[in-house]
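Structures given as structure tokens follow.
The following pair of complexes shares a single chain, chain A, combined with chain B in the former and chain C in the latter.
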Partner chain A sequence: MTKVYVDNRPFEVRPDQCMLQACLTLGFDLPYFCWHPALGSVGACRQCAVKQYKDENDKKGRIVMSCMTPVAEGLRISIHDPEVVAFRAAIIEGLMESHPHDCPVCDEGGECHLQDMTVMTGHNYRRYRFNKRTFRNQDLGPFVNHEMNRCIQCYRCVRYYREYAGGRDLKEFSMRNQVYFGRYEDGTLENEFAGNLVEICPTGVFTDKTLKRHYTRKWDLQFAPSICVHCGLGCNTSPGERYGSLRRIVNRYHGELNGYFLCDRGRFSYEFVNSERRVRQPLLRQDNGLRPTSKAAVLDRLKSILAFGKVLGIGSPRASLEANFALRALVGAERFFAGTAPAEQRLTSLMLQILREGPARTPSLHEIELSDAVLILGEDVTQTAPRMALALRQSVRQQTFQIAEKLKIPLWLDHAVREAVQEEKGPLFIAAPYVTRLDDVARETYRAAPQEIARLGFAVAHALDGSAPEVAGLSEELRNLAGRVAQALRDAKRPLVVSGPSLNSESVIYAAANVASALCRAGKPAGLSFTTPECNSVGLNLMGARPLAEAMEAAQKGEVEALVILENDLYRRAPRQQVDALLKGAKHVIVLDSLLTPTASQAEIVLPAGTFAESDGTLVNNEGRAQRFFQVFVPQGDIRESWRWLREMMIAAGRREAAALETLDHVDEALAQALPALAAVTKAAPSASFREAGAKIPRAPHRYSGRTAMHANINVSEPKPPDDPDSPLSFSMEGYPDQPPSPLIPFFWSPAWNSIQAVNKFQEEIAGPLRGGDPGVRLIEPTPGSEANGAYRGAPPEAFSVREEERFFVPLYHIFGSEELSQQAPAVAELIPKPYIAIATEDAARLQLKEGDEAEVRLNGSTQRLAIRLREEMPKGLAGLPVGLPGVETVELPAWGKITRV
Partner chain B sequence: MLSVIRTLWHIFLHAFHPRVTVQYPDEKPYLAPRYRGRIILSRDPDGGERCVACYLCAVACPVDCISLQATEDETGRRYPEFFRINFSRCIFCGYCEEACPTYAIQLTPDFEICEYNRQNLVYEKEDLLISGPGKYPDYSFWRVAGVEIGGKGKGESEREDPPADLRSLMP
Partner chain C sequence: MLSPEELREIESEFPHYPNKQAVCIDAMKIVQKHRGWVSDENLKDIAELLGMSVDELDGVATFYNLIFRKPVGRHVIMVCDSVSCWVMGYERLRKELKNRLGIQMGETTADGRFTLLPIVCLGACDRAPAMTVDEDLHLNVDPQKLDGVLEKYK
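Entry: the complex of A and B
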């Protein structure tokens, strides 16, 4: 620690940072624009000026930019010196010269960094009387709105978009006072992380276009700490509600996971909660159709169904632990099935077993960012676990920092570091059957069939450690590549292997595990990260559900009286005929879901389940971190948490013990008792009885407006705010006025900091953990000294051989389209590709197919007609079928299939 | 003794003073235009709705009796989809008028809004919107704000240069 003096008061600060960051960590309000904790310093805006003094006798001092001043022993600065205060006010006055006087209609208003900083510097009256320069706006697609007149030219957007997120289609144009930030021409921003521009931009140039359709100010939104449900990473989000509909999602900082950024799927998919396809009342099948009915009537019907045993339950990887547990309690552990594709369940179990046995530990996203050599086996991370791709993109910088360190450039001095590093990149190797979105930063890519990818992995492990299984018949080319990968991983300080179940291949996962094991044997602290397909895939797996196929067998034998399906569209899990047979095999089908899915429309009874925004629960992410999400608002009608419905069903079935599962805490306690692997879930967040200074934590900002008018059209007497028996949060603006513990932070706000940059005040140190530690508990750690520890697993598969008549179909994923819930959000739906099959250009020529031609695909007994899309770099003999895309049948992949012209 | 006589004398003099009691409601008192009575929403000089649904009146309201929802027309001009004031809660403090950046919400000298049924004190936009500009006849927010709306493009607001030509190399 280094001693510095701020306004003559001594402070101890970390030496590897700039003075601005140090001042913010110390809690001073120092205005800034171009600096961002994730982007470092460039010294462009001159807003963070402070006065620096030579020593205690120096009375004059000189003005310096705090973001360009390294922390040094005995450094003396002043923030409050009148001269420097006037300087900062003058700077902002200059920045505001052309600001368009439109705060009342600006979506940033009320959470605007520029407003905050203007107030902070004291600039309050416009003296500049000349004309303002203006710009035309661009249409940047369904997510981001563009209003260029508001720009203050801080360059944060292009620095984030191009340098941090790796986008290429946003740039600065023109010169002098006409610097313009936009695309070359109108069009959707290509980068999958473009939504972060909304938070990166300190003014209202880039705002959330989905919010604009139902605009509400930050102070009017009711928030809750939540977890993203659109992939397995478990990014922390802060959704906001007004008048009973979800209005937007913003990032909720988590030091170990998402940090300052979310992906566009996580940010803009929330609108499925407001979808027309929501089930809002219990539905009962009457005269051949599902008709809305009352809760009492439906429970009465359930009573008679559940009275006769043989009830099977199908759990869901997108439902909370509590919901799955309640279903398990209803039907019994031996009749609880996992509602996942058979291969997916097998692979998830395998991945968990590997992670639990070790020796490699699964890193958090933040640790992934810090890895300095990465091997990706068979994953297009941007499409399957998007936020991880952004972390991996940062990892390629790690080794290049040595160049800067050698030149004694501090790492926070961003542009100097980039200038020194030039195009140099750290080692990232990607082996996948197709082009991935990270290829541009990869040192080498290897495009091959899943079998070949696994063989590469095994070869790398063998190259690292001779005792690892050897791959027979390895080509010279692959052997050399394996050697180069092994060398790079061996030379690294924190090597990482990334893989996952995307290719549905066990050997790929074994290969990844073996590489990590070989590195661990060599004494490297290797990380092994697996993506998981859905938000609670790991949690469901830890419950030990039986495979779906067994439920299908039971149904075929006619042994199923009733089938309870929890938040699951089985048509996405297994081929149509199999699911049809399962649903027909059961006498009664009861579905609990938030949307009227194809499965739900086949049911006899549909119960309206709450989405993540209308329920509380716990999810376990790919890293094995159990995190609690909290209800954002109380929905109208009969929508309630799935576990509440299941409890009522248990009571209806005469199970007295269910009466005790009254609140979330009761369910969690029962869950922790029944399943020791999940015992720690009770520690994921404070229990409902938690109080801060005797008060609950308010969900709404203290300046929440319209309480006595919003319901007045219905009844002028205001209703009492709803109670929340499940959490220490209140559905109100009233409660504890200060910072709550980290798992309970509904939104970031601090006096004088209305924008999301208020997060500075919630961190132990800037860009570090939240005060009191980042939320969530890790359930999976490698067991030291376990028998399998360090042993090599699996065996290399046979080499892939191209067939004359058939193509080997591998699954393809799309960030927008492959995930079920996000498809229902209108903004995301605009970007979903049309159904297609991808084939190699070479193969297409042989089949006489052109781009856009329709072709018939026969795969695993199913036939479908799809358009052809050519993929330049796809290996010969392979074809790709998009997974989960609307209009594409569910088929078990990978598989050999036939493409014919029509 | 003297004070008693003095008091009597003063009371006697009052008999010749002009009367202050007004025979309301037969006779209406004069109230200044800035009197804080019933709230209205005014219109621009060009007849369009002045309110841009910025939510500042709602947030300034100490009794939270204003609620609204913003929406936009096809040209990007923002206006309230609904605008509701619960006059049974209103304390006529005038903070909403002070907060309003467009002079849309104004308090008027009308105070005669009593009702037998409290529910009738809930005013919707139709009840609040008047047909003129109220106390500020000339102001139009849209003439000043640098955003594009129907009939006004970029660079056509007050004190604005025409939009920058990004492809020009002229210094």
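Entry: the complex of A and C
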């Protein structure tokens, strides 16, 4: 620690930072624009000026930029010196010259860093009397709105978009007071993390376009701490609601996970909650159609169905632990089935087993960022676990920091570091059947069939440790590549292997595990990170459900009286005929879901389940971290948490013990008892009885307006705010006015800090953990001592050989399109590709197929017609079928199939 | 499409720079030399040749006032509007030019002969007001001398 003086008071601060960051950690309100904790310092805006003094006798001092001043022993600065106070006010006056002063109609208003900083500096009167420069705005696609006149030229947007996120279609144009931030021409921003511009831009230039359609000020939204449900990473989010509809999602900082950023799928998919396809009332099949009915009637019907026993339950990787557990309690552990594709369940179990046995540990996203050599086996991470791709993009900088360190450039001095490093990049190797969105920062890419990707992995492990299984018949080329990968990983301080179930290949997962094990044996603290497909894939797997195929067999044998399907569209899990057979095989099909999915449409009874925004529950992410999400608002009508419906079903079936499962805490306690692997769920967040200073935590900001009037059209007397028996949060602006514990922060706000950058005030240190530690509990750690007997796993597969008549189909993924719920969000839907199959250009010529041609695909007993897309880079003999895309049939992949021209 | 000649000239710059992107300014100057300005289509072609996004290249193009992204006349007049020329009355010169050519700043005469643009200090403050026409520097330009100057450019 280093001693510095701020306005003559001594403080101890960390030495490896700039004075701005140190001052913010110390809690001072020092205004800034161009600096951002994730982007570092460039000294562009001059807003963070302070006075620096030579020593205690120096009374005059000189003005310096705090973001460009390193912490140093004995350093003396003043924030409050009148001269520097006036300087900061003058700076903002200059930056605001051409600002339209249109806060009342600006979407940023009320949560604007520019407003906050303007108030903080005391600049409150415009003297500039001349023409302002004005710009034409661009259409940047469905996610981000553009209003350039509000720009203060801080350059954060391009620094984030280009340097941090790797986008190339946003740029600054022109010069002087004409500088324009935008695209070369109108068009959708190409980067998958463009939505973060909304938070990065300190003004109203870039705002959330989806929010615009149902705009509400931040202070009028009701929030809750939530978890993203659109992939397996579990990024923390803060969704906001008004008048019963979800209005937007912003990032909820988590030091170990998502940090300051979300992916666009996570940010812009919330609108599925408001979808027309929502099930809002119980539905009962009558006269061959599903008709709305009352809760009492449906429970009555359920009572008679459930009385017969032989009820099978199908759980879901997109439902909470509590919902799955309640289903398991209803049907019994031996009748609880995993609602996942067979391969997926097998591979998830395998991955979890590997992570439990070790020796390699699975890192958090933050640790992934700090890795200094990475091998990715068989994943297009941007499409399957998007936020991880952003973390990996930062990892290639780790080794290059040595260049800066040699030149004694502090790492926070962002552009000096980038200038020194130039195009240099640390080692990242990607093996995948196709181009991935991280290829631009990869040192080498290897495009091959899954078998070959696994063989490369095995070869790397063998190159690291001769006792690892050897790959027979390895080509010279592959051997050399394996050698280079092994060398780079061996030379690294924190090597990382990334893989996952994308290719549905056990061998690929074994290969990844073996590379990590070989590194551990060589004494390296290797990380091993697996992506998982859905928000609770890990949680469901830890419950130990039986495979879906067994439920299908039981149905075929006519052994199923009733089938209860939890938040799951089985048509996405297995081929159509199989699901049809399963649904027909059961006498009664009961579906609990939020959307009327193809599966729900077949049911006899559909119960309206709450989405993440209308329920509380716990999800386990790919890292094995159990995290609690809280209800944002109370939905109208009969929508409720699936676990509540299941409890009512149990009661209807005469199961007395269910009466005790009254609240979330009760369910969690029962779950922890029944399933030791999940015992820690009760620690994921404080229980409902938790109070701060005797009060609940308010979900709404204290400035929340109109509560007395918002229902006046229905009833002039104000309704009582709904109770929340499940959490220590209140559906109100009343309650504990200060900072809650980290798992319970609904939104970031602090006096004088209305923008999302109020998060500064919630962190132990800037960019560090939230006060009291980041939320969630890790359930999976490698067993200590397993290193010694950590034997290598699996065996290298046979080499891939091309067939004359058939293509080997591998699954392809799309960030916008492959995930079920986000498809229902209109903004995301605009970006979903049309159904297609991808084939290698080389093969297309032989099949006489051109781009856009229609072709018939016969695959695993299914036949479908799809448009051809040529992929230059795909190896010969391979073809790709997009997974989960609307209009593409579910097929078990990979598989050999035939393509014919029609 | 870039002409074979433009391509050859651009490619001959490659050896002088550490990477292709670094050639971007020269590449645009080469195209401008041949065509007078850099069109959207030219910009896309150059970007592709250099492995840049169009956005990146246009960011560079629009930073430099001597890269023209709109068509210009056969001759480009640039009048210095910085401080010494202001003291020495560039405003009269500018007014005179606008009158004679019948155009505003940033415009081109109907016959395509002249384009009129402002420029910052030309480093000729001791003989202000100064202006350039194409590559030529003209010093102490008083409005009476203008005819003589403009005559030379057909």
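Just so we're on the same page, the second predicted complex is superposed on the first by the 898 of 902 C-alpha atoms of A that agree within 3 Å, B and C clash if a C-alpha of one lies under 4 Å from a C-alpha of the other, contacts with A are read in each partner's own complex, and residues count from 1 in each chain.
What we mean here is this: contacts are C-beta pairs under 8 Å (C-beta built on N, C-alpha and C of every residue); 3 or more make two chains touch, one makes a residue touch a chain.
All figures in this text were calculated on a predicted structure; none of them were measured in a lab.
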| item | value |
| --- | --- |
| First (chain B), second (chain C), both or neither touched by A:R183 | second |
| Which of chain B and chain C A:R707 touches, first, second, both or neither | first |
| Partner chain(s) touched by A:F308 [first = chain B, second = chain C, both, neither] | neither |
| Which of chain B and chain C A:N715 touches, first, second, both or neither | first |
| Touched partner set for A:E172, first chain B, second chain C, both or neither | second |
| Of chain B and chain C, the chain that contacts the larger number of chain A residues | B |
| Chain B versus chain C as contact partner of A:D102, first or second or both or neither | first |
| Residues on chain A lying within both footprints (that of chain B and that of chain C) | 173-175, 180 |
| Of chain C, residues touching chain A in the complex | 19, 53-56, 58-59, 62-63, 65 |
| For the chain B and chain A complex, residues of the former touching the latter | 52-56, 58-59, 61, 63-72, 78, 84-86, 88-89, 101-102, 118-119, 121-122, 124, 141, 144-148, 154-155, 157, 159-164, 166, 168, 171 |
| Of chain A, residues touching chain B in the complex | 100-105, 109-110, 129-137, 147, 149, 173-176, 178, 180, 212, 214-217, 219-220, 243, 703-710, 712-713, 715-717 |
| Chain A residues within the chain C interface of the complex | 168-175, 180, 183-185, 423 |
